[in-house]
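Below you'll find a set of structures to go through.
You will see chain A twice below: alongside chain B first, and alongside chain C after that.
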Partner chain A sequence: MDDNTIVCRCEDITLKELRDLIKEGYTTLDEIKRALRLGMGPCQGNICLDIAAREICKMTDKTMEEIKMPRKRPPVLGIKMGELAGDQDEK
Partner chain B sequence: MINTDILVIGGGPAGMTAAIKASESGAQVIIIERYHELGGQLIKQTHRFFGSKKEQAGIRGISIAQELTEKIENHSNIRVMTEATAEGYYEDEVVTISHENKFKKIKAKKVIIATGASENMLAFENNDLPGVYGAGAVQTLMNLYGILPGEKVIMVGAGNIGLIVSYQLLQAGVDVEAVIEAAPKIGGYLVHASKIRRAGVPIYTSHSIKKAIGENSVQGAEVVELNDNWEMKVGTEKVIEADIICLAVGLNPLSDLLIQAECEVVYTPELGGDVPIRDENLKTTKDHIFVAGDVAGIEEATAAMLEGEIAGLKAVSEIGYSNENIFEELNRLKTELNKLRSGPVGKVIKNGIEKVRRGNYVGKNRYSHLR
Partner chain C sequence: MKSKAEIVIIGGGVIGASIAYNLADKGMKDIVVLEQNYIASGSTGSCGAGIRQQWGTKMNCLLSRKSMEIFENMNEILDTKRDIELKQGGYLLLAFSKKELDQFKENVKLQHRYGIPSELLTVKEAKEIVPQLNTEGITGATYCPTDGHANPFRVTQAYVEAAQRKGVEFYTYTKAEDIITEKGKIKKVITDQGEIQTNKVVNAAGGFSKEVSQMAGIEIPTKSERHEILVTEQVNPILKPMVMSFSYNIYCQQTPDGSFVMGYGDPDEPESHNIKSSWQFLEEMSKKATHLLPFLKKIRVIRQWAGLYNITPDAQPILDEATDLEGFFMAVGFSGHGFMIAPMTGILMSEMILGEELSIDIELDLERFENDRLILEPSVV
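What follows is the complex of A and B.
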């Protein structure tokens, strides 16, 4: 597959960037996330994490079951700062 | 803080039937939905459903959504919150939501998570060109807003979604140039496949998309044959012209809230991804939390509606809103669900569910290292 194929659309990350990092020894999604911001855009990894996980499997001879997933923190989707700041006990 | 008996997260087929069932015994129910109306994927499903008569066979998805919405509106003890996104699940069982641009907290005695699924993406060259769509987006454009996505489409995926959306595209006057399927066999029902074959659409099994072609937008795609190991066969590439590439390559359960709540989830390919361990009443490993619909495993809307009913009924019975017929009713629903899962597709799903049954599950929680 072409190196310039986009794997994470939110953060514009290419297959080459991903593969280079795995070759360097970054073989967990958490490490890759921290190094590349993969999965940290608006979709929060819904689109790219599976693609990246499959690439790790291929390059490190793992199965999808063995992949350690990164933590899922709130908020699930983007939220405006003003919304959080305006938090009050209303019905 | 908003307090309630039952909180249903997700206003699709599973969430709607869960809310209705839970409210019938008198419990206070809140149902939250991200979109501005209830119905989930049903609101774009213009085709008739299969399955048993009792479970809405022969009726179009959009009509089912209308019927369930009316029912919910007629129950004064259901509060509907649309444009409401669940943002977090915390250890004191509080759910935070963003509702009409306000941040709110809800605490319920039982929570039914029916968040559905997201579409899978495929990695191929130029997959970021305008004109590459998910099948969900194509359905939204066509069936909800009456907008044609393009003139010529290449459909990737011959599962039910790929086949049904292909047919809907044909009905809308769009040329479907080809359906590409990586597996050696058509995944969806042959009834759907025959319909589009009769219309002259070729279905290429053991084929994949190698790259999208085009400068500023899609002008076609290079497709390639796959060998028995699903590897691309060099020299078999061919170019198909199209201005739309539509991806219908499966769905992934939206299990974020379940994982935040530390429900045990197990990676189960038969069910589409990380799905919760549950008992036969759809209760997760957390006493507070039930699941229903695609988040519990990718399946059809008819199954989702039955799961919603089971979860809704069981959840209210556990907080004291029970009736004498509950066991009969639960058994009836489970029998219906079982009948629905006969046939080859149902067999795969049943195998998957067996793997995530509470008490004797196999497989791995891919999030357990975080505890």
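What follows is the complex of A and C.
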């Protein structure tokens, strides 16, 4: 993968942005997530967080086992606010 | 890790970071910040990030207005690597009774005295600012066009990096476990990574302010409570200001990336360190929000989370040095509005610690709770 590869499609983040951040010393997924909003879009990090974890391993001496996955936050799939509010015509 | 420091700040949230930067900026050396997790991992990283200047006491008007001036220039002042994403879309505060509106009128007069460009609006004028608003029950509003929000992680990181350039050391994943004192003086801080000798400690531990004070043998009347919040999918920009009401109990804003962020305070929330999300919140929040802003019905929630409010009996922070323990400073109990006043808090605390004259008169001492000098701020969430 080259630097211009998009690693997070929801937030439009390139591999270069991710690698720069790791070089600056951001080596946990929680920190990267907060700095770049990586994994905070509609897909909730299904693809990008794995890529980021592997990139951290490549660039630091961490192993995959040492990398903590951020807490999965509910609800995983988007639900319309109207449905959540119990609005009949939204069903 | 250093074995000695001039001062140890416990807490790597926006408050600890702002204090560390301001101390270093005034020339203090050997400053250490301890953070048990990562930077901004506590309340700061989970907050709504709103910055409001529409307050009902002189002190809060000054604290928030001067903080906003710093936010406006923060990218330059701190020479930030990443933009702090300040958006000044205004805050629209809604009144739902005559009494609330009368209070708002008083507040606006006060705000004008301290240079805050707020205005009193009729229901019709409020609807011009937010055309989608369901005005049922609303008696009027106030609006301040320069209120807004910023990215809390970026702001904290900006303070951290600027402080690091001035020599401050941040130890993340390092937990303060005890504070050793002798004859009313601080001797050292014990952490899970080793000990640091110091005579000065700042308690900037957010939701854990009480626990950290207890390490030093100081009792403070703060308590922590969960506050839940949610975010929706991103849509085109449609809502300019933050819409908020104390009595209807809601805040809702659209961030620059297009998603809506909203929350409310549950009056029955018990004291705890629980930050789990609940299904009840999702339902109640959706009911409240879609009633006030019906267009939200079609928008999907994608994530919810929760953080801690650290609350005092008058919902105003404690910025003080303990009378019984020299060198023990506290910047705690922000009661849900610590992010917006973090820039001035850092300045005031650095002045207090260095024995300088404070740039704003504040009455945020710990003893006010015993002497019945509670601050009567009408505009708290």
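We take it that the second predicted complex is superposed on the first by the 85 of 91 C-alpha atoms of A that agree within 3 Å, B and C clash if a C-alpha of one lies under 4 Å from a C-alpha of the other, contacts with A are read in each partner's own complex, and residues count from 1 in each chain.
Keep this in mind: contacts are C-beta pairs under 8 Å (C-beta built on N, C-alpha and C of every residue); 3 or more make two chains touch, one makes a residue touch a chain.
Not measured: the values here are computed from a predicted model.
Per the definitions stated earlier, placing chain B and chain C onto a shared chain A by superposition produces no clash, and the two fit side by side. Look at A:M40: by the touch rule set out above, it reaches chain C but stays clear of chain B.
Of the two partner chains placed around the shared chain by superposition, chain B and chain C are both touched by A:K80. For chain A, the partner touching the most residues, choosing from chain B and chain C, is B.
Taking the C-alpha centre of chain A as the vertex, the lines to the centres of chain B and chain C open to an angle of 140 degrees, rounded to the nearest 10.
In the superposition on chain A, contact of A:E31 is made with chain C only, not with chain B.
The least CA distance from chain B to chain C in the superposed model is 7 Å.
Applying the stated touch rule to the two superposed structures, the overlap between the chain B and chain C interfaces on chain A comprises residues 44, 73-75, 79-80, 84, 86-87, 90. Listing the residues of chain A that touch chain B in their complex gives 1-2, 4-7, 9, 15, 44, 46-48, 50-51, 64-69, 71-77, 79-80, 83-84, 86-87, 89-91. Remark: chain C residues 38-41, 45, 82, 153-154, 157, 232-234, 257, 277, 282-283, 285-287, 289-291, 296-305 touch chain A in the complex. By the touch rule above, chain A contacts chain C in their complex via residues 11, 28, 30-31, 34-35, 37, 40-42, 44, 73-75, 78-82, 84-87, 90.
On the chain B side of its complex with chain A, the touching residues are 1-2, 85-90, 96, 98, 101-105, 118, 120-128, 211, 252, 254, 256-257, 259-260, 267, 269, 273-274, 363-364, 366-367, 369-370.
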